[in-house]
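Can you keep this structure in mind? I'll have questions shortly.
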Amino acid sequence: MGIYEVSLATIVLINIILALGLNMITGFCGQISLGHAAFYGIGAYCTAILAKAGFPPAVTLLCGLILAGASGVVVGLASLRVREDFLAITTMGVGFLFLGIVRQQEALGGELGISSIPSAGMSKIGFMLFVLVLAALAAAFSLFIKRSWMGFAFDAVADDEDTARVLGLDVAAYKLSAFAMGTAMAGLAGGLYTYFARFIVPDDFGFITSITVLSMVAVGGIGSVFGVMAATVVLTLMPEFFRFISDYKLLVYGALLFTVMRFAPGGLAGFLQTALRIRKARGETG
Amino acid sequence: MTAILKVSGVTVRFGGIHALDDVSFEVTPGEFVSMIGPNGAGKTTLIRAITGVVQPQSAEIRLSGREISNLPTHKRSRLGLVMTHQIVRPFHSMSVLENVIFAAGHGRIQSVFGAMVSFDLSRERDRAMKLLGLLGIAEMADKSVRGQPLGVIKRMEVARALALEPKLLLLDEPLAGLNHIEAARLADTVADINRRGTTIVMIEHNLGEVLRVSERLVVLDNGRKIADGNPNEVMRNPAVRAAYVGKDETDAAA
Amino acid sequence: MLYLELLIQGIIYGSMYAIIAVGLTLVYGLLRILHVAHAGLFALGGYLGLLITNATGSLLLAMPLAAAGVGLVGMVVYRLCYHPILDRPPYVALIASIGLFIAMEEIYRLVFGPYGLTYNDVPLQSQIAFLGMNLRTAELAIVFGSVILLGTLSYLAQKTRIGVAWKATVDDPQMAASFGIDPLKVRYLNFFIGSGLAAIGGIFISLLSNLVEPTMGGVPSYKALAIIVLGGLGNVTGTLIASLVLGVVEAFGTIYIGHLMDRDAIAFAFLILVLMIRPQGMLSGR
Amino acid sequence: AAETIKIGFHAPLTGFAASDGKSASEGAKLAAEQINAKGGVNGKMIELVIYDDQAKPAQAIPIANKLIGQDKVAIGVSGSYSGATRSAAGVFQEAKIPYISAYAIHPDITRAGDYVFRTSFLGEVQGRGGAKLVGDTLGKKRVVMITLQNDFGKSLAAGFKSAADKFGITITNEYQYSMKDRQFGSIVAKVKSDNPEAIYASGYYFTAGPLVKQLRAAGVSVPIIGQEGYDSQKFIEIAGDAAEGVIITTSLDRDSDVPETKDFIAAFEKKAGFKADMVAASGHTAIMVAAEALKKANSTDPRAIRDAVAETDLKVSTGTIKFNKLGEVLKAVQNQIVKGGNWHRHSVIDDPELLAPPAE
Amino acid sequence: MLRLDSLSCGYGAMQAVHGLDLHVAKGSITTLLGANGAGKSSTIMCIAGHVAVHSGEIRYKDRKITDASPMQRIKDGISVVPEGRRLFPNLTVKENLIVGGYSRSRDESNRELERMLSIFPRLEERLGQRAGSLSGGEQQMLAIGRALMSKPELLLVDELSLGLMPKIIDICYRAIAELNKDGLTIILVEQSTHRALEVADQVCVLESGRTVWQGTSDEAQNNVKMIDSLLGLREETSDA
């Protein structure tokens, strides 16, 4: 693996953690969020500041994770008040608010961002492997939640929270846990990004990033852990594949995003399921 | 005996509409109470207020002596106060069985952390299957809720409510949408459940079944309680007949 | 005096927002789609308006032509993009719409160049003294144009059978068809009017800045969403009020708290504040 | 084909900064053509490897890694904004491949290490130049600032403020706007009531054009001072008559007698079909500097090439390029004014002390 | 008036009705009976044009309308009270009624509106209320009123008395009988068998999407036991 491949692999793995976090909120619990990048940013800034203050990665990453998760709970409180599209736009607003405030905070580097962040003390490959382990843990955790009664309760909240409430479910607690877990994962991803880039600016955590993550989740097939992981790989690497068509890269990206949703609205997971079902049906008749 | 449910002074307004006006009534444990009243009298609103789905302007609601009007819906449900919807609200993304399994697992999902570490649902599945059998829709168990006929979903709602092991079950027109044979069967099932110890309050317009199975009748009209007592006596009350009864049932009740 | 001037600036911003957001409300109200690509049509309106004005020298001709042209494009967008995925969860259409928007921006860049276009001779620039202020004809045209267009629309929506048909299609298209309302026609009409309004918004804005660029849809793409949410989603009157209020909030905010947060953050802070107090928006639509 | 020497180049070809990306890459391509037309570098043709970074830091990292790891470029050039340039600079420094920033203004770029250079002004330096222009050359003392809220605008503002006292300037008010704003009605109204003697407004042509137009339309007639972000014919097109009299600090002198500058302006318009701007000139300059270093080093050893870059002393379209210890350039600020719908020379600030870039 | 010839219809691959034959004379009332899931609602919605026909034919006034759109059908005079009412929940009561009369001219529609309100005075009190917040019974009244607004020639009613109190049920049946006397043809799905048999001219019992019994209402009255056992069928199989 050359440095190019290692750097790509690292960013893909970071994005997987990020996207699985959103999948927890949107995919499992049905709370659409257009502000996921803000928590990614909170993790990143927290990690960056602590790292510059001399704390080791174990501490900085953990703090980033906790701070992002705690902020997630606060935003989760909004989800108790507003629903569906109102929530989508509220979380979008949270994203803009985060960015707007960070931009004006000289203590956080303002527009100039934070640079000269110390390295995580590993080689590039070592760091990639470290992220790999964390991404695998995130995936395992997601699968674990999905199969547990908690996942079942999330399904119910996503489907019809009023009915879930009538059936004795403490909807608020579940929504908040989904936000806490999902945003904590975003915070971890942010911390890892900080060590990867060693330079962060507010724009890294803007609306576009939120949308990109949401499209990873949607293209993967909302709620499907493996689908989301696959989509993350594809969507992260896509710009790299298309580098050679520089001028048309973004056009192709946009068109592809549109096309996937238009023709395979269930995302990759839904697409595969349909394909499998067709094969199975054929097998039965044949 | 102390009342299992004691409701006093429930008033609910929607804008200018007085849906309920200072309604009070009691239910003793083991009773089978039916609630009737003209369309728009406030029956649904009353049980929604009891379960906390609707916020009353004023109310005192006691469950087995405990004041619950400040508890959120899910806590009331955990205390054994459960309702079904007049207009069905299944989880559309689940199968009929899963809908009931979810309710059967109410113990597992009480705490978020408990839910996180429990996986097994075979016990809940068995119970859910039994309940579906009880309501006569076991063969639909694995079908998706979407596209099920109304009658099946209505019964699924009852099964789901039973899965929560209620002490007091509030049923909102469970028999609507069933033909008279199905209705009679379901009414028998409900009566049977009642005999096994669950207190029941049932809203129903199917007077024939109401008179057949219930022990007591509460009548609402225009947001007020206008009668309460032995079914046959209540039905003889001229006010009730004027407000509610058509020609057919007049004959039937007479 | 200064306050009055800021207030008037706020109303001008608000009118611009209104004309874009009301078009979006029409689409949202009917299909519950967060139609981000609306902003792409807005930019297209700017381009067409400018090109026609430059070619013919007449803004009066350009307005209806551009509105009709973009209206037609809007209908095509509906038919090709949204119609097939209407029964999918809302995020599917949202992501598809974002993909479409990105692709549209890129097409504008490739076709019209990255630098943006300007008028040969910007129309409506003569000065009008008004309460001791210098306002441009264009600014007045924006305010009055918006009032007239939106007033007409609001009358249509609330007082006529067409309006009732529209609202019925919103609630239950299948049943609407059962009573003789053709949902497809209603939707086409809606996209036509909504996109036409977007086009006029695009032209208005280009009159103030004399610049039509590929990315000019960027700001309305999300701010218009915020406005329709503020207005109560699907509520035309609410959208109007929300636009004006937000315009005024921004006009004052950029001056007095601009050092704390940027314009977007001010707008969204206001949005979040309102939603936490009134989760259904300023006027609730549903 | 004959063997070539690769120069890596990244710029925002798509996205919000696409126009600057296009100017920069056109300038860079022109430079490569001119060099190759003259026989290339030590007998080898140079080849530009151009990638689109959308001006995003996160995109610039894999690009830098790709340029180094896969394309094996001899030297890298940034035609992008500060964010992307800073993240790429770190990668180039780590790989010890020389890297030149064409027009990004962030002070930390060259601090990435000894392999990183910059052929343009720092934001702060230009801000100080602006202060001299306002306070000294024009003699205006009561100034309102309108600051673009990004690294460019902020560092200009910092530079301007730091030198304001020295030229007796009082800053009566400062307003901020974001990159996406094109409507400035409320700022204009407030500035009008502030009644300053001059306005120091940072921005790019696409924000400054509408801003200047709206200021003038509201009857604000005091001098407006801008910077190299304005430096494009497009600014004059957008602002129209309102552009007349606007003065900016930049590095491209339209009325220059210097042959390099005159040639560039003519050749660029011929090649690209539109008038040269500062960004194009900067892209051109950076490639010229890179090629010259490759020629002098006459080796594929990155260390040798770095040393050659460090020793640059080259006359190009934007002046004479010489680097200090940190890799920063030291050159005069060209003040340009809009007259008759074109940029013309207004004055030159050549004050080495005021314009000294940081050396560490 | 209406003829269904070996009509099969359903949802996607799933077939809900299999080869149904039904002749409805002008001015008659036909009642469909059947257990849960027998296919009554599917038949109704298929005649209204909302469920896809798989095979067979629907003829109305001697014209084939198998492929006609719902819009076409209401113009031809077919109106429906669907299962679950399907009101426009965010429209007011009045607006719901206006939509009901959309296929008629404005004047006609206004006249009908008056008539509806006199049949259901309860609705008059609620004219400005959102339909979605009406009580169950009020919603049912509105659904019936809405369907009548178009002055239909053929009225399809799915579960007429669902959720209604006895008094209103009477009113509805009286209204139906009256309209029928004026020449309205009606197809009725009803759960309360004896009410339905009272008004019907013709009875059709469905089971799993097939006709299992068909005859006049007099024949049905004489075979109540048999019909009851047909209606209970589903239960017995599931108990087994």
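General remarks:
Lettered A, B, C, D and E in written order, each chain numbered from 1.
As a convention for this text, a residue touches a chain if its C-beta (ideal position, glycine included) is under 8 Å from a C-beta of that chain, and two chains touch if they have at least 3 such contacts.
Owing to the predicted nature of the structure, the values given are computational and were not obtained by experimental measurement.
With steps allowed only between chains in touch, the distance from subunit B over to subunit E comes to 1.
The chains that touch both subunit D and subunit E are C.
Chain centres computed from CA atoms place D at the largest separation from subunit E. The greater number of contacting C-beta pairs, out of the two interfaces C-E and C-D, is seen for C-D. Using the mean of the Cα atoms as each chain's centre, the chain most removed from subunit C is B.
With centres set at the average Cα position, the gap from subunit A to subunit C is 30 Å.
Each chain gets a centre from the mean of its Cα atoms; for subunit A and subunit D, those two points are 36 Å apart. Averaged Cα coordinates give subunit A a centre that lies 42 Å from the centre of subunit B. Averaging C-alpha coordinates per chain places the centre of subunit A 50 Å away from that of subunit E.
In subunit C, the positions touching at least two other chains are 106, 259, 262, 264. All chain pairs that count as touching, in label order, are A-B, A-C, A-D, B-E, C-D, C-E.
Touching subunit A in their complex are the following residues of subunit D: 13-15, 50-52, 54, 56-59, 61-63, 65-66, 68-70, 82-83, 86-87, 90-91, 95, 106, 108, 111, 149-151, 153-155. Interface residues of subunit D, counted against subunit C in their complex, comprise 14-16, 18-19, 21-22, 149, 174-178, 180-183, 185-190, 192-193, 206, 209-210, 213-214, 217-219, 232, 234, 237-240, 274. For subunit C in complex with subunit A, the touching residues are 32, 34, 81, 84-85, 88-107, 110, 222, 225-226, 229, 233, 259-262, 264-269, 271-272, 275-276, 279-281. Subunit E contributes residues 11, 14, 33-37, 41, 83-84, 122, 129, 133-138, 140-141, 159, 162-170, 191-195, 228, 231-232, 234-235, 237-239 to its touches with subunit B in the complex. Residues of subunit A touching subunit C in their complex: 26, 32, 78, 81-86, 88-90, 92-94, 96-97, 99-101, 103-104, 207, 211, 214-215, 218-219, 222, 247-248, 250-251, 253-262, 265.
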